[in-house]
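One structure is given here, and the rest of the page talks about it.
Going by the order they are written in, the chains are A, B, C, D, E, F, G, H, I and J; count residues from 1 in each one.
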Amino acid sequence: MASSSIVSAMTKQGAAAAVRHAKARLGLTWTQIAEAVGRPVAWTTSALLGQQPMSEAEAKAAASLLDLGEDVQQAFRLQPTRGALDSPIPTDPTIYRFYEVLQVYGPTIKELIHEEFGDGIMSAINFRMDVKRERDPTGDRVVVVLNGKFLPYQW
Amino acid sequence: MASSSIVSAMTKQGAAAAVRHAKARLGLTWTQIAEAVGRPVAWTTSALLGQQPMSEAEAKAAASLLDLGEDVQQAFRLQPTRGALDSPIPTDPTIYRFYEVLQVYGPTIKELIHEEFGDGIMSAINFRMDVKRERDPTGDRVVVVLNGKFLPYQW
Amino acid sequence: MASSSIVSAMTKQGAAAAVRHAKARLGLTWTQIAEAVGRPVAWTTSALLGQQPMSEAEAKAAASLLDLGEDVQQAFRLQPTRGALDSPIPTDPTIYRFYEVLQVYGPTIKELIHEEFGDGIMSAINFRMDVKRERDPTGDRVVVVLNGKFLPYQW
Amino acid sequence: MASSSIVSAMTKQGAAAAVRHAKARLGLTWTQIAEAVGRPVAWTTSALLGQQPMSEAEAKAAASLLDLGEDVQQAFRLQPTRGALDSPIPTDPTIYRFYEVLQVYGPTIKELIHEEFGDGIMSAINFRMDVKRERDPTGDRVVVVLNGKFLPYQW
Amino acid sequence: MASSSIVSAMTKQGAAAAVRHAKARLGLTWTQIAEAVGRPVAWTTSALLGQQPMSEAEAKAAASLLDLGEDVQQAFRLQPTRGALDSPIPTDPTIYRFYEVLQVYGPTIKELIHEEFGDGIMSAINFRMDVKRERDPTGDRVVVVLNGKFLPYQW
Amino acid sequence: MASSSIVSAMTKQGAAAAVRHAKARLGLTWTQIAEAVGRPVAWTTSALLGQQPMSEAEAKAAASLLDLGEDVQQAFRLQPTRGALDSPIPTDPTIYRFYEVLQVYGPTIKELIHEEFGDGIMSAINFRMDVKRERDPTGDRVVVVLNGKFLPYQW
Amino acid sequence: MASSSIVSAMTKQGAAAAVRHAKARLGLTWTQIAEAVGRPVAWTTSALLGQQPMSEAEAKAAASLLDLGEDVQQAFRLQPTRGALDSPIPTDPTIYRFYEVLQVYGPTIKELIHEEFGDGIMSAINFRMDVKRERDPTGDRVVVVLNGKFLPYQW
Amino acid sequence: MASSSIVSAMTKQGAAAAVRHAKARLGLTWTQIAEAVGRPVAWTTSALLGQQPMSEAEAKAAASLLDLGEDVQQAFRLQPTRGALDSPIPTDPTIYRFYEVLQVYGPTIKELIHEEFGDGIMSAINFRMDVKRERDPTGDRVVVVLNGKFLPYQW
Amino acid sequence: MASSSIVSAMTKQGAAAAVRHAKARLGLTWTQIAEAVGRPVAWTTSALLGQQPMSEAEAKAAASLLDLGEDVQQAFRLQPTRGALDSPIPTDPTIYRFYEVLQVYGPTIKELIHEEFGDGIMSAINFRMDVKRERDPTGDRVVVVLNGKFLPYQW
Amino acid sequence: MASSSIVSAMTKQGAAAAVRHAKARLGLTWTQIAEAVGRPVAWTTSALLGQQPMSEAEAKAAASLLDLGEDVQQAFRLQPTRGALDSPIPTDPTIYRFYEVLQVYGPTIKELIHEEFGDGIMSAINFRMDVKRERDPTGDRVVVVLNGKFLPYQW
């Protein structure tokens, strides 16, 4: 048995910080990183920010492009404890607007899901999302598409 | 000057309860109500749940279809104090999943908006949304499309 | 159009209170009510406490056995806004112990799910549960079985 | 009396981090570790995550298999201050679903315990639990069995 | 089936208010009420404040002495949802001092229980308590004795 | 005037950690430490956990028995900022049960103090407490005696 | 002495609701009401929303224009307990933006006040504010001017 | 691929601390720094406190004047996660007064915006602000001008 | 035994509302009421606001002067559950300033009490206070004198 | 431009810790330090605990007496972000009692200020306070005098 247990393991949060730093230094985009990883850009971004576990090949590809070491690569593969907001109500305006959408339209979304599908939910696990630009002469628009499997309440 | 000030005004919350009751009694759908009102279904639903002010014509059309009185019709037209969640973190699973999306993908959405548009936000004011069904042989999917004007940080 | 909009609709919470009252007055058990309704006892109890929508037949059977009126029967059929705890951390000791289990064993459950199934969750929607008595000479035991479909993270 | 009091003691949290790291490095499963320790896997996992005190023999067996030092072994034996969630309402979806079960079914569980046993609780101290896979053609299921001694309110 | 479901059932909170009122009007003490009920004074007080269910005989004795009706008597017998504080941290100074004791001496109590009994807890279910006066020439003292069965952690 | 202000002072929290570590290493009990210090065991424990200031002699005796240095000894003598719980509602089950007692019996304790003593409080300052074992054939019991001077409201 | 103490006094909140109702019914603007009252529009609005006490003449003028009774007029004159937000962090978007300004620019405002005035604050008591429209070809702008006396820290 | 991933990147918070330190050491004002940067003083202050991203030229000018290194300069250019308050309700009196303004006048501001502009908000993104001194014989006044584009609710 | 238990007892909060109303209607001051009651004005005010129990004579004197009925008089005599703030952090500016004093000077007060008296507290039970005007040519001053018995920590 | 930006600046919190340490080591009292600084003892204590900025001469005098370096002296002069409590509701009993005074007497203080001065507040900025001993044969008393300029609400 070893007599020393020094823990120098990189956490997923530490790895995320290293990613942001390397991405800025190398002038890479999330799209470029996602291409190297071979996964959709939203998934790749959330994975590198510490919210998804990567396969060995994905972790290798990301670490290689970002010129990061073995320890970060290992962290990319760890099972995350998910939840990325600093506080229950986010303060950053870009993120807050989505909380506001929930405050204003949450019960509306619930009503429309029930009207179309019956009692149940949109899965946030069997789920994908995308952020897109919609050209508009009065100002381009951000389109966020949330796409999750309908799960009916089923005993 | 009147000597009595009995306040029996219908609030937007009271009106929303009356709408739910009447809708169930008459077996109407949000889509049918929206058609009568002449506005998109998501907007109409949020308005009748108390989160938007209606025009006189819209209020009249809604109240007429739902067989509700003048007091509810007046309430439909009031300027709302928006915010429809009972607690900062919603407990209803259908609504909670969208909070979970924010916890897991919030910083990802922020990164992708900044990468595509630069520093700024998706407006939640110049905004529309839609809830749709996507047919899928492995189980149909709920698609929620959030569509807001990009607003750049601009001093 | 009606000129009066008096809202006397029974809410699911009001119906739940009526159920508790009638159940005590008539000396019925949840098991007896569930048999009349024709559904498992845990589901039936949660439905009558306002956390599930009932079909017309189920609502009728429950209201009939409990000698409750049309208004309560209507409330049984409403789509609920789920969430039954008075505060984020429950104070009632019988309920609190399950929160304590989550505090002490939550990350353990997460590890064991991931070890057995990979990255994903136990569904709380495609879900059933049961409360049973296990005879034990040193004191009988409460056995709560939570049974939900495994949902893998799937983009 | 010593003149220096440098505190380099390993905490249970530090030991848990070392365990996760070593487990990943050595490719071990919780089941394998539990076998080496000679205790059920759920107990062993919760102990190594810092929620139970281990006996000297258990601590030795775990540290030996995981190739961890004397300091971690000592930490395994410490009496814990229990409570493993980062926030009162957990954000990780795998853990949150159990909180959701409590929100939706908490009062139901309470009713069924009282109906079967009378006034009292399921002990979370004289308690064991298990996480199992149930094969199902429509998708395997996670079964979590909570098993605690019934404790009647007794003055 | 009845067509009306008017719920006029007395809640345990309503019954507690009625008790306080009647007790003041009749000039009774908790000790006198407890004698009539035939149970210890602390238990009786907590029961009449809505934190314990009474047997039929106990409820009858209490209601009779306090000159309260059938509805209150029924409420005395209901299974309570326990938890009597208005806010997580109590504001009333007489109650707050016990929260302060927990803040200052909580970890001390934990250490001393573990030293004397090993890993486990003092039951708050198999539990009794008493409030007594200790004569003291420098000022009489309040003595609160908490007495609960030791429950060892036991898998 | 010195030009360097390096602050290496031991805090009471750091000293408490050193005490726990040394106590485990040396196999001492709180009772043995209290005897060396010459004060009751509950007071001594709370003092060494950082909730009381010690006299010079007490600090010396404790540090000597625990083989801790001058810096820890100084920390024992500091005036504490009291309050030892990590969160307003404690998560550790051994401590939580006392919070539960407060939730269930707080208003009862208040009533009984007022009935016996009139309007006032049990002091948590002019206060002592003890944790004892009560032998019982059906399982030994933890007895916690809280003993504080009655302080009447007095303008 | 009267034997009945029925309290039917109008609160400032009730009066505010009556004002909103009457204002909508009569089609009046805050500017018109302020002119009748003879005070600035922002002050008048905050007073009628329950945040300022009015003089007898002001209360009379407001109640007369709004056709409200003596009870509301009395309420206008009461000393308020100030604080108009439903929750510590406002949910209504129109109000939230000002909380967001505080989150993003709060420390900036503090720095600039200290740079210009030294250590101190902008009074919120000796204070007036105004909301104005600024014409702008790219979209008109809301200008909110906060104007408070500087109060230096002064012992 | 690098084998080491040491993350020594300066955060925006670290850069803000370096700015405050350098500013004090060099005796510079925010106004002087803003002139060097070539942007308004309120914007420059908020940027250097970590709430805005700077262009390369702005970052260079600021770092040069403040005699700070390349790492801080890089941090000035990073996209911020905005939100600068330590707690939801600020404790510093200079900042709190603006929260108090929101508590007392928030609904008033909302009413006046709606009266002048219709349903919508003052943008906090297309936004500028200024802090000015207004000379006044009874004591100079702090004038904070908030100026944001009106955004109408627009589906 | 009565068969009806209608609870129409006046609470201390209801009584306080009746006092405010009567005081305004009759144009009385707290000082005049205190003189009638024969107690200090601060005590009398806090008692009539529901924070102290009154003797029979005091309650009679107050109710008589305020022309209030027997029910209010009874409420004056009830033992209060103390705590008068609507939220943990008060929003009303006149009250908030005292919370701010605690935020800024709390640890200072603690240090000075310990320096002058040793380890202990100022009693808030054996306590009196007064609010006075201090004439000052630069503006009169509010002087609040808090006067409580020193209670040493004493085991 | 420097290429390294190591931030080793002493914060006001760090300086406060150094002060407490040096004060204990040198056996100084706050009164002695205040005399050296030439300011009242309450102000000096709050300044050295990080809640006030000191002038150069005051900082020099304090650092010299406490034998602290240039870095601490610089920190004494910094503009503070005020707010000294670890949690919104303080846990330390010596400080908590003042929060309790606010809970019990806050609305009373508000009433008495309004009765004597009209609508307004006691300033916490133009403010001084003192902690004194009042000799009393039944036990000496702590007298805390809060003295702030009255500020009338003034538009």
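Assume contacts are C-beta pairs under 8 Å (C-beta built on N, C-alpha and C of every residue); 3 or more make two chains touch, one makes a residue touch a chain.
A quick note: this is a predicted structure, and the numbers were derived from the prediction, not measured.
A.B. asks: So which chains are sitting against chain B and chain C at once?
C.D. replies: A, D
A.B. asks: From chain C, what is the lowest number of touch steps before chain J is reached?
C.D. replies: Minimum number of steps from chain C to chain J: 2.
A.B. asks: Pick the pair with more C-beta contacts: B-H or A-G?
C.D. replies: B-H
A.B. asks: Between 0 and 180 degrees and rounded to the nearest 5, what angle rotates chain B's CA atoms onto those of chain G?
C.D. replies: 70
A.B. asks: Can you work out the whole-Å distance between the CA centroids of chain A and chain C?
C.D. replies: 33
A.B. asks: Could you work out how far the Cα centre of chain H sits from that of chain J, in whole Å?
C.D. replies: About 28 Å, centre to centre.
A.B. asks: Could you please state the distance in Å, as a whole number, between where the Cα atoms of chain C are centred and where those of chain F are centred?
C.D. replies: One centre to the other, that is 42 Å.
A.B. asks: Residues of chain C touching 2+ other chains?
C.D. replies: Counting only residues that touch two or more other chains, chain C contributes 81-83, 85, 88-94, 100, 103-104, 107, 110, 114, 120-121, 123-127.
A.B. asks: Would you please name all pairs of chains that touch?
C.D. replies: Taking the chains two at a time, the touching pairs are A-B, A-C, A-D, A-G, A-H, B-C, B-D, B-G, B-H, C-D, C-E, C-F, D-E, D-F, E-F, E-I, E-J, F-I, F-J, G-H, G-I, G-J, H-I, H-J, I-J.
A.B. asks: Of all residues in chain G, which touch chain B in the complex?
C.D. replies: On the chain G side, the touching residues are 10, 14-15, 17-18, 20-21, 24, 63-64, 67-73, 86-87, 89-94.
A.B. asks: Would you tell me which residues of chain A are touching chain G in their complex?
C.D. replies: That would be residues 89, 91, 93, 96, 100, 103-104 of chain A.
A.B. asks: Give the list of chain D residues in touch with chain E in this complex.
C.D. replies: Contacts found on chain D: 39-40, 43, 52-53, 79, 81, 107, 110, 114, 119-121, 123, 125-128, 151-155.
A.B. asks: Per the contact definition, I'd like the list of chain A residues that touch chain B in the complex.
C.D. replies: Touch list, chain A to chain B: 29-31, 41-42, 45-46, 49, 51, 82-85, 88-90, 92-95, 97-117, 120-124, 126-127, 129, 131-134, 136, 138-150.
A.B. asks: List the residues on chain E that touch chain C in their complex, please.
C.D. replies: 1-5, 7, 9, 74, 78, 80-83, 85, 88, 124-125
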